[in-house]
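Letters A, B and C mark the chains in the order given here, with residues in each chain numbered from 1 onward.
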Amino acid sequence: MEFCAKEVPGWNTISVGGYHMREAGCTAAQEIAFTLADGITYVQTCVERGLDVDNFAPRIAFFFNCHSNFFEEIAKFRAARRLWAHIMRDRFGAKNERSMMLRFHTQTAGSTLTAQQPDNNVIRTTLEALAAVLGGTQSLHTNAKDEAIALPTEESALLALRTQQIIAYESGVTAEPDPLGGSPYIESLTDQLAQQAREYLNKIDNMGGMLKAIESGYVYKEIYHAAYEHQKAVERKAKIIVGVNECVSDKALKIQMQKIDPQLEPRRRRDLATLRKKRNATKVGKCLATLEKAAKGTENLMPIIVDCVRNYVTVGEICKVLRGTFGEYRANHSI
Amino acid sequence: MKMRDNELTKLVTRLESGGPLPTELYRRTGNARILGITGPPGVGKSSLIDRLIDNLRRQDKTVGVIAIDPTSPISGGALLGDRLRMQRHSEDEGVFIRSLATRHHHGGVTDSTSQIVHALDAAGFDIVIVETVGTGQDEVEVAEVADTVVVVLMPELGDEIQRAKSGLMEIADVLVINKADLFNAHAPATGPHYSALKWERPTIHTSAKSGEGITTLCGAMDVHHAYLVHSGKLAERRARAVRAEVTRLLQSRMAASILCALEGPQAQTILTDVAKRKLDPYDAVEKLTKEILGSQKRSSKHAATSTRRQTKKRRKTRR
Amino acid sequence: MKRPLKVLIAKAGLDGHERGALVVAMGLRDAGMEVVYTGIRNTPEQIIAAAIQEDVDVIGLSSLSGGHMAQFRRVMELLKKERVKGVLVFAGGIIPDDDVKKLKKLGIKEVFGPGSTIAAIAEFITKSQR
């Protein structure tokens, strides 16, 4: 972020992700809170390194999930936008309006797709995509109907793309920003979610910030407890999943499935071996040594990484050096 | 891959279910150093042990670990998650890790912990580590098993944990403040005052995450062991451990005898007499005690020749 | 007292999708089993070493990344090589039907796909082991 603020000011530096946490099982309120808490940590770190908040914040983007509960999801995006604006203005003293804007990408929820009756997934994805658009997403990824079974086929991926194109071009829902704003139901849902997320954020602040909350195992535990509660609710049918615990059909549907060519791996290995032979080994060694030295200090690594890549150092080699220096995250499980 | 774990693991399972430790094996025990690691939940005991294993293996010491987690009082099941943090040592020939559920035993360890420690000791491990459940201040039974008790805490603990601390502090030989890095709590500038001649409980700041302080901790545990040997306290502690173990076995044996005797025809007559007010409960206890003690017989133990052979093999290969 | 069934739940290979494995681990605990959870990114060798040291009755393998054939095959080979007997192995995750057949031939007794319930998994284990 520091590097880009100077060198590539038009680049969207980071996409602060919440998608994975929602997929792992957390609730809508937790998704807002944990994602924004991550965002706060990034901003805080940059500010501590001496960057002016309005210099880099407008380039931060977010990445959310869109789950199955239609109105809750719309309210979730609205609540997240509101909270982020307040955080940037009040906590970080941002002056530039663009610093306060929460711009985000959305992907429909892979975890809501079912292997049973896979055609139903087209409907699920459509509803989720619509909720994301009504919630104001800047960009959208719609899942293909076969993703609970395998990687999508060309055909299913195309259908997923057409789904969002129909929403974009035919439905007219994109004509007006925040079209549901002012609806008493949506507003009260937004307030509720904002309030719940704020409580989580306060709790995380009291724990000393998101890094400490993660390392203490708190975030992990919250996510998996929520996942387990969801599973139990499905099993006692407090939550209905069509085709799974209700409206089940005996007929097994055969669908066409994507198969990955097993020759892909050896081919890739060969390419890599060729690259390693052709490149300048002395330069590679020097680059990696410089990277390791810098990683142990406080210097910005980006120019060094760019130099590494220019000399055909592989991403794997770069990561290995960084792992060796920073260590690797190991979840603190206390279930 | 380790082949010879197969037999040890089966022995541990038998012990866990209340089976006896073969006499031959017991004779081989007493060589391992037994470390107890205890402390409230979430302070990072397992991660700390993971780091300790690294350090001990670098010194070429073999390590057996018993990691204990609580049994759910409702389902009777348990989630044994300690191993996860040490799993990278699984394939190391010099490391054996076993997770146990308390199966409703209170005190921080399981019914069979002493016996399983003996099994690992007899199998030739240099160091046996017992990680307790970590739920409360009454978890002091580990002091009856271990030579050195390490109590692990972390900075900025809440009220609940401060209360738990009080009981634990009494059994601590070494105090560890883990996750020191997370809370910017750093070790005091002066070194701890302890030596093999005089023991003053040190407080050591560690970070299981970065590995900071682990060498210091290992050093302190070594010095504590030397102190125990020099001062004669090791023999004292082990005598206490034996007494505690025999007491526990005796109690459970007696409890079983009592339950068994109460099922007998004579006991039924006595109980009926008490119900009819012909006999008072105290006289009934007198009569029953005589009967129970009279029926005590020494039961024979199983010989376990295969396990014995196994142990010899491990000794050779491990050292 | 009868020993509760002891189950190892493990994820092999480079696969971070942990939700299913964890939910199953918690579910089996609540079904009265003792569950050893070894987390993500285990090698087949580590899984077998853990299964031996923990003396488990059951091994549950999870995979959602497509690596199941290579990883699970190796686990089954090692089980044989280490002469581990009487251990029930089941699997779960995103596993295509064609592969399910192959895995069953390798000795994996059942494969639980998306939408499976904890109740069904617990029942399968109890029925197979008692």
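Criterion: a contact is a pair of C-beta atoms (placed from the backbone, for glycine too) under 8 Å apart; a residue touches a chain by one contact, two chains touch by 3 or more.
Here the structure is a predicted model, which is why all the values come from computation and not from measurement.
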Busiest interface, counting C-beta pairs, is B-C
Per-chain Cα centroid nearest the overall protein Cα centroid belongs to chain C
Whole-angstrom distance, CA centroid of chain A to CA centroid of chain B, is 44
Averaging C-alpha coordinates per chain, one finds the centres of chain A and chain C separated by a number of Å equal to 29
Going by residue number, chain B touches two or more other chains at 79, 81, 84
By the touch definition above, chain C meets two or more other chains at residues 25-26, 37, 39
Going by residue number, chain A touches two or more other chains at 333, 335
Listed in rising order, chain B residues that touch chain C in their complex are 1-3, 5-6, 9-10, 12-13, 16-18, 71-72, 74-81, 83-84, 87-88, 90-91, 96-99, 101, 103
Given the complex, residues on chain A that touch chain C span 23-25, 111, 114-116, 148-151, 224, 227-228, 231-232, 234-235, 241, 244-245, 257, 260, 331, 333, 335
As the complex stands, chain C meets chain A at residues 18-19, 22-23, 25-27, 37, 39-40, 66, 94, 96, 113-115, 117-119
Per the touch rule above, chain C residues touching chain B in the complex are 1, 3-4, 25-26, 28-39, 42-43, 45-46, 48-50, 52-55, 78, 81-84
Note: in the complex, chain A contacts chain B through residues 208, 212, 215-217, 327, 330, 332-335
